[in-house]
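This report refers to the structure that appears directly beneath it.
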Amino acid sequence: MEKEGCSCNRSFVPPEDLSPLEDIVERYRGERGALISVFHEIQQTYGYLDEGIMGELAKKLGYQLSHLYGLATFYTQFRLKPIGKHLIRICHGTACHVRNVREVTEEAKRFLNIVPGETTEDMYFTLETVNCLGTCAIAPVLVVDGVYHGHMTPSKMKKLLEKMVKEGGREASGQD
Amino acid sequence: MTNSLEDLEQAACILVIGSNTTEAHPIVGLRIKKAVMKNDCKLIVAEPRRIRLCYYADQWIRQMPGTDVALLNGMMNVILSEGLADEEFIRERTEGFEEFKKIIEQYPPERATEICGVRPEEIRRAARTFASAPSAAIVYAMGITQHSHGVDNVISLANLAMLTGNVGKVGAGVNPLRGQNNVQGACDMGCLPNVFPGYQAVTDSQAREKFERAWGVERLPETPGLTLMEMTDAASRGEVEVLYIMGENPVISDPDVAHLKEALEGLNFLVVQDIFLTETAAYADVVLPAASFAEKEGTFTNTDRRVQRVRKAVEPPGEAREDSWIIAQVAARMGYNMGDISAPSVMEEIAGLTPSYAGISYRRLEELGELRWPCPSPDHPGTPILHVEKFTRGKGKFSPVEYRPPAEVPDDEYPLILTTGRVLLHYHTGSMTRRVQALHELDPENQVWVNPADAGRLGIQSGEEVGVESRRAAIKVRAKVTERVPKGIVFIPFHFGESPANALTNTALDPVAKIPELKVAAVRIIAGPDKDKLSFVRA
Amino acid sequence: MKHISLTIDGIEVITTPGRTILEAAAEAGIRIPTLCYDPRLEPYGSCRVCLVEVEGQGRGFLPACATPADEDMVVRTDTEKLRGIRRTIIELLLSDHPNDCMTCESAGNCELQDLAYEYGVRKPRFQGEQHHHEAIVDNPIIERDYNKCVLCGRCVRICREVQGVGVYDFANRGFEAVPGTPYNRPLTETPCEFCGQCVSTCPTGAIVSIPSKGKGRSWQVRKVRTTCAYCGCGCQIDLHVRDGRIVDVSSPLMVGPGEGNHCAKGRYGYGFVHHSDRLTTPLVRKEGELVPATWEEALGLVADRISKAVKEQGPDSVAFLASARCTNEENYLFQKLARAVVGTNNVDHCARL
Amino acid sequence: MARIETPADLEQYRLQLREKFGKYQYAVSVCGGTGCRAYDCINVFETLREIIDKKDMSHTVNLRLTGCQGFCEMGPLMFIHKNGIFYVRISPEAVERIVESSILGDEVVEELLYKSPADGRRIVHQQEIPFYNKQRRFLLAMNRDIDPLNIDDYIAKGGYGSLAWALFESSSEEIIDIIERAGLRGRGGAGFPTGRKWRIARQAPSPDGIKYVICNADEGDPGAYMDRSLLEGNPHQVIEGMTIGAYAIGASEGYVYVRHEYPLAVHHLLEALDQAREKGLLGKNILGSGLDFDIKVSVGGGAFVCGEETGLIASIEGKRGMPRPRPPYPANYGLWGRPTNINNVETWQNVPLILQMGADEYAKIGTEKSKGTKIFSLVGKINNTGLVEVPMGITLREIVYEIGGGIPRGKAFKAVQTGGPSGGCIPAHLLDIPVDFERLQEVGSMMGSGGMIVMDENTCMVDIARYFMEFLTHESCGKCVPCRLGTKRMLEILTKICDGQGTNENLEALESLAADIKASSLCALGGTSPNPVLTTLRYFRDEYEEHIVNKRCPAGICQALITLRIDPDTCTGCGACLKICPVEAISGEKKQPHSIDPEVCIRCKLCISRCPKEAIYTE
């Protein structure tokens, strides 16, 4: 199992390249029930659970594809579509909720012009909301590419996004 | 089957050999899968093609077609040399072991490997799995019997079962799967040239006397008659003049169609009694329209010897009549009164003459739903497992079997091995399933399965029409390139009259059972424009 | 074997260990309503319709289908509280169910409809979002309309547990959960064997057979139990007959070698019976052509030609080929014809093919 | 150091370590919990290390980056062991001064000390801070004192001593007796007695002798992060606890099922497992006792329902985490069909502690039926957010007002929510109830894993109920009807009420639906899902009625029931609100007071956050 849980590394392997998949399968061969870990690794490598990759995985591990699909759609961590260069995950835990995280999310939606679960057209940002990141003391909180940002407000959200846009040389899709 | 279908679920190990169970016998397939999935049964599949069951198998052995004896002898050699045999069973219940042992000793796995192409360690593994299981069942079908040495194959399986003490107990046995719904019943009813109903030999004078008395005739013929393949030959020679076929379509199901057609044309008179104008009926002088299974009363006997009712649901179309009525009418016109031919009365007559059916009656079937023979008396519950205490003949006899190659092996001219069989959605000669719209839509046409390596060599793409030619004929068929067949082997289902696989197959017969070698023939594939030079057979 | 005794609705029930409360009750003639239960499948306990009260249990309500009967258990299956819970469950299900029993293929053969009837649920108390899936017709046999799905998982489970094929699984979860094929592929692009087991187990009209659609309501058909005409398994099937035609086939649960399971041929291969190619009159070859004839003519001809061959060439110049697809009685009569009437043992059949 | 082969070796090694650590002149702990990391504590730590290195003091200063020290509100935190000085909200720039004055010298950097909000007084020592001094940190204390990536720290502090004692001085029966006598109850939910649970698993037959123990670290309750902090800060105590449990039950394999959202916890745990194996404290023949036991880490995929035991097992088996009916219970038929015992992180951590303290001593903490301490994550509208460990029986008021320091900005306390989505909201008039399993259940909530979310007058209780129901609807696995459709319908009713379209019949429907869902759901997630609604209905029915009858949201939260207005007297006409409004509801000339068109406004409140003059308000 990978010790680094962080997903900051955002250069993904294209799904046509099966060699990393083979490595992953080899590492978990014979380990009972390790599918979820395998999925995590595939997602870390390819960015998402590509249909073709899943088909190959089913063949290699002797699972029905339906089982893999059922599993992948059950757990919220898994994505069936490619994600953007930057992943923003806003915590909607109770502590964040009572500290009005909704307004932070509204700002992100407004700025990026997408709703949670979506990726901007230029594949630059993906916005997600998550149940609880377990950092309730610094609520409202969000994680951008593995880095935590606490005590968020709509204006801090805006500044953060503007900074990312500027650093990435991307044209902002949001206004002002 | 020596054991019952339910009983398969109890097996700790199942060897499936020469049976594509999930497609040809789907419900038996379910039992095997359940044994594996729910009861941790170890499944060994011995089969050249990658069939569905391979996914459930603990081990898949890919022997070359026609080399089963070598494989089985190799396995038995391992069992003997590793001391895995059931010595008590051999001592108490069998005979002929020493002689058998001498032959088996000549088949170390390495030698078997040379013949069947399965690696020695695979043979060892299978032998150990099978022999060390508390109970191990063998399941086979036409992949074992349809060979010029089919009887040898069956005997080898019996040897394996006896060697490991897997006879007469739960979760074990030697279990042939019957291809058609009432093959078992047709055999039981004496539709064989050498026996009366209940396998009473026509050569046995006591049996003859019994039937003479019952049927009110003076003298019944005392020499065994001709088998199907012999009838064809006799017809070509002009020795058989009249052939009366009830509900069969040999033009599709028999090997070497050209030869058969010749024979049919040579007959003086051919009667075909069927529900459709089949490819065979097209040759008839008289065609008699019969009732389908849904239009009559009766019984079928299934593969595990279960006698069950057939009930009339609808009227036959037009003037079509039940087969029994037609038979009785013919008999009457020849001066023989068959009396009451209602199904319950006929069953009463059968029970009176057939010891294994003696306890079977329509009254009991209505009540119980089914009865498994032997059912010797009206209070007998039927017999789920055969040979529990002893074999029919007393002690089980080991018969040593030497490997013999198939009658036709590939050569430079015909480099590929053709093996035939069924697909899931069609049945036998296709006369029924191909007339079912939904099934036809899902599986509309014939395909020859070709390994990618062979396809590459021949320059064939999936979906392309090719010619497949044997020494006997050529057919046109679409190619399906798939790794499910090994290199050097092609597979064609035999359901499709417009592209009849059995035009290609070999008539070589097993000397004892007279079964043709439908599972091994040498063929070649002609692709591209050259194929158009062939003259294609259609049934 | 040891027996256990328990009390169900005040009746003392004796059963064998390992039986569930549902099975024990059934043995005693007590029917407990179910929805996600199928005796061919492992207990699942999802619909909660079979909840019963068991004395001394924490929350008090246990699914009868999944709870083993135990010694001295005191079970009640039909209290006011239970009826209330069942009614709520039915109302919840109906709150996300199209109210189209009028045209639904499964009307009359629908476990949800039966429950609504039994519990007198006309209109659910709750309204809210409903699913609007497109009906899926991607093959000629099985139609899926997940708007009628109650998420009992019987299709998923039978395909996995019994067929061992696993075409379906649930996708998503919660309200969005829906059974289906991976990535919503058409069934023809999955390992589907078209056995129709999912149709047979579906308690509602979510999965239906296309060939029998619109051909007859359950009460309009007569069911005739018979043995399947295909392979040697000998499965028992019920032919559904309406107006003299077979309109569908089903398999009686836990009966015969198939125990209610069936394959594509057994379940859908009945169309040939009424096919226009069926022979409806005897045919006799005249001037090289097969032409219709009367029975009298055809039978007379057959008898004459056989008699002639016997007389001229001896009985062994006649041969008989019997059928592995005819009944025992017919085959018996056929060989009797050969042996007793004609006098030859030249009788065989296609056992070897 | 190689494997530790015997208990004597372990003691020997411990003495060596203590001697080694004793040679340091100073010990400094920087909090490296996830909360502090968000405030760049890593940079603080690195700066500190650089300075120490530069000064060539690495032999004299024992520097530790620790797990969560609890006072997340004030991070990054630093504790200097020599003099007990405790610094909060440290920036990297301040480190140099701290080194100079408080590590090399004995002086205090005044402005980095914690400032009491009550009187503005600066407090030097951790123990004097009210947040800490009411706590009894039996478990959390270790977080401050050890480096979770260094097993030596744990061993030096007596770690694995309880395991050695259990294996060599005690029998497995005795261990279970001790746990039972200590009165330990599961910290993850309803408080099932741990000893009894172990006994059932111990007595359960296994077809092949294999049994499992599982640590449930799928801390799914939103607003709770105790288990994450324990796993991050002190993974060895979990390993030790599980190993003792495995010995008592007869298990040979263990799993820690941990959320994928907790990467640091996974990292620390994997590291700790490696170190424990290396030392012979895990794996084959542990400490030479003959016990074989190893632990695997199974990472979750994001599903709240996997906190339910059978869902968790399905997930470890690589399946959809859908619960199945019980019986059979996991103790008899669990992972891969073998007897399995599941406890959560905090429960496992209590095990070594109990053996160390002795059952009787441990049982002195807490109330008659609830023993020991409980860790809560005190969050929401509260001054001192963070992790608190308190003895069972303490009152909610003590936690909220003394430890938590009350409600920010002088707002009024409204409720405290415990037990996560399965729990409930406890109103002000019940603040004096003691915190124990029974009492919390009586008032309609539950202990749960320890989330404690404080709500003030600006929290709408209908919105909170709706929030939890939305959470549960989203997290329902979809298997059983009452949970799948019942929660959905309840959510729809609540949404209606929040949208001002509720009726009185809706309340009846909610109540009757809630009762049936409770009675008929398959698993605990569904069975407890109506609790947030039921408790808010019980204690805050007037708020519901306000929404329904007067179409008002008293807390000013429910968007449909509020109007945003701009105070013309305060507004300077800067135009910030106008620019950010996503629907162009705001108009006004430059430098003139602006106004909001309530017909267009979607009440996203973005303008409120943008207004420099706080001129925009809700009504």
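We just call them A, B, C and D in the order they show up, numbering each chain from 1.
In this section, a residue touches a chain if its C-beta (ideal position, glycine included) is under 8 Å from a C-beta of that chain, and two chains touch if they have at least 3 such contacts.
These figures come from a predicted structure and were not determined experimentally.
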item	value
Middle chain, criterion being Cα centroid separation	C
Which of C-D and B-C has more C-beta pairs touching across its chains	B-C
Gap in Å, rounded to a whole number, between the CA centres of subunit D and subunit C	52
Inter-centroid spacing, subunit C versus subunit B (mean Cα positions, whole Å)	27
Length of the line joining the C-alpha centres of subunit A and subunit B, rounded to whole Å	57
Distance between chain centroids, defined by C-alpha means - subunit A, subunit D (Å)	23
Residue list for subunit A, restricted to those that touch at least two other chains	67, 70, 74
For subunit C, residues that touch 2 or more chains besides their own	169-170, 172-173, 191
Where subunit D touches two or more other chains at once, by residue number	303, 320, 474-475, 477
Touching pairs among all chains present in the structure	A-C, A-D, B-C, C-D
Subunit A residues within the subunit C interface of the complex	51, 54, 64-70, 73-74
Subunit D residues within the subunit C interface of the complex	303, 305, 320, 324-325, 327, 473-482, 484-489, 492, 509, 512-513, 516, 519-522, 527
Partner subunit A, residues of subunit C touching it in the complex	160, 165-173, 181-183, 190-191
Subunit A to subunit D touching residues, read off their complex	1, 3-6, 32-37, 39-40, 67, 70-71, 74-78, 92-95, 97-100, 103, 106-107, 110, 130-139, 141, 146-150, 153-155, 176
Sites on subunit D touched by subunit A in the complex	34-35, 37-39, 72-73, 75, 219-225, 228, 259-264, 266-267, 270-271, 297-304, 315-322, 336, 377, 379-381, 385-387, 417, 420, 451, 453-455, 459, 464, 467-468, 471, 474-475, 477, 579-580, 582, 604-606, 608-610
